[in-house]
Amino acid sequence: MMHKRWSWLLALIILFSFPVTAFASDGSAVDSGDTGFVILSAALVLLMTPGLALFYGGMVRKKNVLSTLMHSWSIMGIVSIQWILFGFSLAFGADHWNIIGSLDWLGLSGVGQNPDPNYAATIPALVFMAFQLMFAIITAALISGSIAERMRFSAFLLFVIFWTTLVYDPLAHWVWGTGGFLRNLGALDFAGGTVVHISSGFSGLIAALILGKRKGHGSEPMLPHHVPMTVLGAGLLWFGWFGFNAGSALGANGLAGVAFVTTNTSAAAGALAWLLVEWLHRKQPTILGAASGAVAGLVAITPAAGFVTPLASIVIGLIGGSLSYGAVSILKQKLGYDDALDAFGCHGVGGTWGALATGIFATKSVNPAGADGLLYGNPAQLGIQASAVLVTIVFSVLATFIILKGINLVIKLRASEEEEDLGLDLTMHGEEAYRGLIGNASTAPSVFKAEHLAINPALVGNHTNI
Amino acid sequence: MMHKRWSWLLALIILFSFPVTAFASDGSAVDSGDTGFVILSAALVLLMTPGLALFYGGMVRKKNVLSTLMHSWSIMGIVSIQWILFGFSLAFGADHWNIIGSLDWLGLSGVGQNPDPNYAATIPALVFMAFQLMFAIITAALISGSIAERMRFSAFLLFVIFWTTLVYDPLAHWVWGTGGFLRNLGALDFAGGTVVHISSGFSGLIAALILGKRKGHGSEPMLPHHVPMTVLGAGLLWFGWFGFNAGSALGANGLAGVAFVTTNTSAAAGALAWLLVEWLHRKQPTILGAASGAVAGLVAITPAAGFVTPLASIVIGLIGGSLSYGAVSILKQKLGYDDALDAFGCHGVGGTWGALATGIFATKSVNPAGADGLLYGNPAQLGIQASAVLVTIVFSVLATFIILKGINLVIKLRASEEEEDLGLDLTMHGEEAYRGLIGNASTAPSVFKAEHLAINPALVGNHTNI
Amino acid sequence: MMHKRWSWLLALIILFSFPVTAFASDGSAVDSGDTGFVILSAALVLLMTPGLALFYGGMVRKKNVLSTLMHSWSIMGIVSIQWILFGFSLAFGADHWNIIGSLDWLGLSGVGQNPDPNYAATIPALVFMAFQLMFAIITAALISGSIAERMRFSAFLLFVIFWTTLVYDPLAHWVWGTGGFLRNLGALDFAGGTVVHISSGFSGLIAALILGKRKGHGSEPMLPHHVPMTVLGAGLLWFGWFGFNAGSALGANGLAGVAFVTTNTSAAAGALAWLLVEWLHRKQPTILGAASGAVAGLVAITPAAGFVTPLASIVIGLIGGSLSYGAVSILKQKLGYDDALDAFGCHGVGGTWGALATGIFATKSVNPAGADGLLYGNPAQLGIQASAVLVTIVFSVLATFIILKGINLVIKLRASEEEEDLGLDLTMHGEEAYRGLIGNASTAPSVFKAEHLAINPALVGNHTNI
Amino acid sequence: MKKIEATIRPGKLDEVKEALNKSGINGLTVMQVIGHGKQKGHTQVYRGQEYSVYLLPKVKIEVVVRDELVEVVTGIIADAARTGQIGDGKIFVSTVEDVVRIRTGERGETAL
Amino acid sequence: MKKIEATIRPGKLDEVKEALNKSGINGLTVMQVIGHGKQKGHTQVYRGQEYSVYLLPKVKIEVVVRDELVEVVTGIIADAARTGQIGDGKIFVSTVEDVVRIRTGERGETAL
Amino acid sequence: MKKIEATIRPGKLDEVKEALNKSGINGLTVMQVIGHGKQKGHTQVYRGQEYSVYLLPKVKIEVVVRDELVEVVTGIIADAARTGQIGDGKIFVSTVEDVVRIRTGERGETAL
């Protein structure tokens, strides 16, 4: 007890020994319009993760909806703390060897209310940090779509911590950090085609392959248990994506306006493309298709949002939606992997297309700080983009493989067959999502518990085995 | 194959031959505060449409919820593209004969990062365009409430394209476009009482009459299948409406503050009015009534939001809520039309009241750029408002009638009796919204499909018949 | 009839005799960036109340979900009007005896488009008023969690009107109003730890005690009927809380950035803390726990958001989440009160901790306008905070007790046993939340009504007895 | 006494109930089921994959009546539930030996 | 063996189950139904229109027991489910000819 | 004719239905139930409170067949539904006296 109290005190002292000088603002270069815009954009991007939770949650079977929500929510908890403690420093701190940030900003030491002109000259450095945090959160959450309905929760938590630190933070540094080698190369990624979507999509694919198929995959149908929940989630994603892409202008200006317009346009084009292809292919245009296509369009425009014209964004969205449909409907069935909620089909494929499309459609007439693409006489940019894509894929795939295999040495990744049968909600979290009239009566307060435990401790024991 | 590739190339060349000069901003007059505010307001207005989808989706029967969501979502796809290609130009392009915009801005050519002082001097023209787009989307989506649960999806899509082009775009030009004849007349419509609500409400009424009643209407009850979904939708609508009305100040200023306050106040007053009237009339105050009343109050204040005092907005909301209750509870039953989700009762009636109320309560002390209304010594304004209302009603009704009759010459508007019985989710979209424990097991992957098709191709054939 | 018409006219004349001079802005000191930020923050805070409705609604039994939604929604109606008519004036009007605001601003007379430098020098006074309104709304709504599933609706409405006027308005004046005695004392409350959370939490506790336990409490389980609805609500709360806390900087500046970061961090830490403690204590980490812990973390940081460092917010969130878990899981069971949805456990306990934590962790290096806390060498601040907490608790408890006992003299507070059995949705509001395939067929339009009424008027009569 | 169990189309519940009511049959219990008979299912599509549904939603009605009413009641139900299309459903009749009215404790036919 | 089917108020399920448990009756199956008997429905209001609900939510319990237990079990259920108000529900008793315990393949009374 | 009622694990519905289909048994009705037998429930946690669930989700299948098929069909169901663990469920067999095919009005065994 004594001991515990002391260690608390120690922790507190360490916490507050961080220099706080220059934390408060002298207000010099901060622009209130830009700052308000980026703060609220960060809020919109945060909302995307609960939105994603619903988007994914509606698509799983009833017995796994809570475990699916839990994926996104636990990431909101973990990555928010990781980022503040060291993640932001790794990603955006002073460069080492063009590969990783320094540890100077541990615990946000030195990240204060004044702008950091290296990244955004008119908003507080803290606001830039917060905005970037939201990207780190959603990226990890996207992966959870691939491993839904079968991964053990404790293994998932470990995976998130390692993946964010060893994959996301370096990648963000390479592409966006001052000194990052992909940034130096001239790779364009306005809001995260490589960093967010390719990395999560390909990592998801590998994770799905390592975990293996869900029990019954291929023989039993595994259909969405609540399509309106998925549609609601897609609506929140579309909304939040304005923060994601327009906010990436890091100021409330014309460029943010362009990114807003290309984002909306590509989402619309993606939805229409999916509907049309589905209509031709399966004779039925579905609302799940409309929502999926919109997300595919949003993914595809992400790296290009601030570099291309609105008309180009129509093409990017149409192709993005069609490619994702193909990946999900044909490729997945052909290859037989069980990417449960299509993190790869939507984000891996759409992100790759978007990164390449940026190399095709980018034009300095939209963003003088960008570059011209293939169609504007600069085929080299497409090559640069392709390199960045390749590097991202290879790195994500390898690192995810190593992380998962490493975790597997310590604890089991996969739920048992019985746990899958009963559902992860009950077996990992001891909860049920919905409870009707008689559902309530089917349960007894814990006073009855003892006798049950006495009779079958094994079963109850299982539950702690997360 | 060869041919296809060429046509793609051709399309691309056409796309990029649009002049892009002056697309990038010189940053001259752009105010970051105003720009950030309008961009985020546009995001809020976009969110209203997925919100409306839920508001409507909760009110239909379980078998039609996805088709109802699909109405709003397909409009998000179609109108976003239409607006960029030509809709914005028709509505806000250089005036022709005070009736329609020019085609100068096809494909957003000339709509760039610099402000267009004709409309908003401190925000990029692209941002103004995007903000206005969101209004075009939600207006078409509102109509879908009237024709829910019985319109064929392909007919609906055609209707949306024609209605937005032939009704919304001209109306927006008349009321808001420079040179528009209702604007020249001095009609006040802050955020779309005529353009958005009267047009959609009356068009919905006509559409409901042309389509006819739902099968079983009057004998079977047709009650909301998911009231909390409707309440969630209403919450998103209330939230988004701040973007709609306050954003219509096109700047983050005192006027936006007034519009924010009147909007919230009228929503509250509308909710209270509905609850009270219902309590007196039916002895029960319902949550569906609270949500409906809030929407009625929001509709009523829309044209007045930036012209009236907060106290006046209480009166506008109270009367708006009461009138909509009367329309929905008494008028509809008396006249016997089947306006399924009360697009007319809420938007047609509320919008008409709001447009007239603007002529009563408007005061230059709130908005010097506006006008004084009846209560401030200028009865003429009420006359002008009445004229604008009348023009809008007559035009919407006639044009909607012609469009639907025209479509009907080509394809059937109405689902078959069997399709209505089974529900549009299954017959139009091949989907089911909810799937419980045994629901999943009731379905087989497509491997089993062939035999079923072999036995009863007719039934399956039906499904493609959208 | 004649009489009625005259009273209307009279009301109108009174309404418009309020001076409107100086209502329009001269635009002098208004900053567009700050204004846009606070307007949109107010919108975010408004959204918290429909979010709270879902957060609470998912946790009650199926038969009470609509009545729970109704609590929040009716408050959105009532408090919005109360605030405009006199609430804002009572809370923020010119001070009387350091205890209450004057009535100068009745009906917002004198609250216009120009800033009021006493509160916020760069945004219109109307915008400040609107932002503060949203706090008044959510505070009352929080209390409803304590009395869910058993309070009669009419008694609830009366309670809301009195509580907001007699408890919230004075408290807001004491802590935030110029001249308020707690403000004069130097108590720090950045965004409402005392005013919002302690007041609602302790008032809820007293209300729960006065109303008594739900029928069957302790013997029957009373479990959430829709956990994903609760998780959705928590997501909207987290999102809206950025408006709540960052918006409380009343400008888009570095301080808003700090508040944003501390808010997100504490939410994350609260969620993690709850999960961990639950995992240790009950062997299962639940999604309901993650959502509850996030809310607990958000509550705890609220008074401190603009006064402490991000690292301190980790500690505040961790302790906040753990304390709330303890209150809800252990304290509540021990003491046996039926705080149905834990308004006390989350808001009372978390708010108290947050207010004290502000006295521990506050530092002028973050906010020079604040104060240093215990850890920065100023133990006196902790004493001040403790006094403010004490005053708030004593006042809330006493006032709530008196209000409820007073209402009880006039009408019954508590639903009858039969009403509780059937559920408040049906008996208070005549509605059912969900309706499946056969649910629809189980109902007949009102044409059949007469005969039923004839047979058993008593039962139907009951329903009007709200 | 006989128990009459009818599995019918969900859309027909209203008409069947009305028809029973008119004939003075008031006691009935209804539940939601899914079933398969000669009727074929629908095709559904999820993310480009096709599925066929072979268990279709039906409604099951249970009415317990005195022996002499069996013919009448099955007739009423069959007439009201008929569309003439495959999938109209089936009626099963079986014997019930005793009935208790819980409220009063009455037994046998008078308890119906 | 006899099958005892009791349609009761949803709120009584807990008490009935407890009472059965105490008497050593463990096997039972429960389902959600809606029903109509002598009990009258409620009025509901949607957008100002009134509707009356005539099928009310009930819970149906099925217990299969050895013949000699029929009287005891119906008694237990009836006592636990009774409120004395209209709508308490009914119990029906019928014959079951055979039982199979799926797990073991056992037949007849020992399989219960 | 006999009515075969089988209460099985939800996850086994698919296999049981396939097995019946293969043997040419097409008519069946399925409903969702919760039940209690020898199988013990799970522990659930809500805001730090523990609850145990004693009624577990099951699926009930009803198949009415000609008398001579009873043995075959109960065998098929039992085999397909068996896991060997507690909770596999029970099959009850009882007599059905008459059947009506609603669509045609046919009676008796030909109506099955």
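Note that the chains take the letters A, B, C, D, E and F in the order they are written out, and that residue 1 is the start of every chain.
Note that a residue touches a chain if its C-beta (ideal position, glycine included) is under 8 Å from a C-beta of that chain, and two chains touch if they have at least 3 such contacts.
On a predicted model such as this, the values are computed, not experimentally measured, just so you know.
*Asks:* Can you give me the shortest step count from subunit B to subunit E, moving only between touching chains?
*Replies:* The least step count works out to 1.
*Asks:* Compare the contact pairs of C-E with those of each option in B-E, A-D or B-D, and report the one where over half match by residue number.
*Replies:* Within B-E, A-D or B-D, the interface duplicating C-E belongs to B-D.
*Asks:* Approximately how many whole Å separate the CA-defined centres of subunit D and subunit E?
*Replies:* Each chain reduced to its C-alpha mean, subunit D and subunit E end up 18 Å apart.
*Asks:* State, to the nearest whole Å, the distance from the C-alpha centre of subunit C to the C-alpha centre of subunit F.
*Replies:* So the centroids are 50 Å from each other.
*Asks:* How many angstrom between the C-alpha centroids of subunit B and subunit A?
*Replies:* So the centre of subunit A lies 32 Å away from the centre of subunit B.
*Asks:* Give me the residues of subunit F that touch two or more other chains.
*Replies:* Those would be 11, 14, 17, 30-32, 34, 43-46, 49-51, 54-55, 94-95.
*Asks:* Residues of subunit B touching 2+ other chains?
*Replies:* As it turns out, subunit B has residues touching two or more other chains at 31-34, 36-37, 40, 219-221, 223-224, 226, 232, 252, 282, 284, 286, 288, 429-432, 436-439, 441-445, 463.
*Asks:* Please name which positions on subunit F make contact with subunit A in the complex.
*Replies:* Spelled out, the residues of subunit F in touch with subunit A are 11, 14, 34, 40-46, 49-56.
*Asks:* In their complex, what parts of subunit E are in touch with subunit B?
*Replies:* Touch residues, subunit E against subunit B: 43-51.
*Asks:* Any idea which subunit A residues touch subunit D in the complex?
*Replies:* For this pair, the touching residues of subunit A are 221, 223-224, 278, 281-282, 284, 286, 288-289, 292, 325, 328-330, 333, 342, 345.
*Asks:* Give every residue of subunit F touching subunit E within the complex, in rising order.
*Replies:* 2, 6-8, 31-38, 54-55, 58, 60, 70, 74, 77-78, 81-95
*Asks:* Under the stated contact criterion, what part of subunit B meets subunit A in this complex?
*Replies:* Within the complex, subunit B contacts subunit A at residues 11-12, 15-16, 18, 20-21, 23-25, 27, 30-37, 39-40, 42-43, 46-47, 49-51, 53-54, 57, 65-67, 69-70, 73-74, 76-81, 84, 107-108, 112-114, 123-124, 126-127, 129-130, 133, 153, 226, 229, 232, 252, 428-437, 439-441, 443-445, 463-464, 466.
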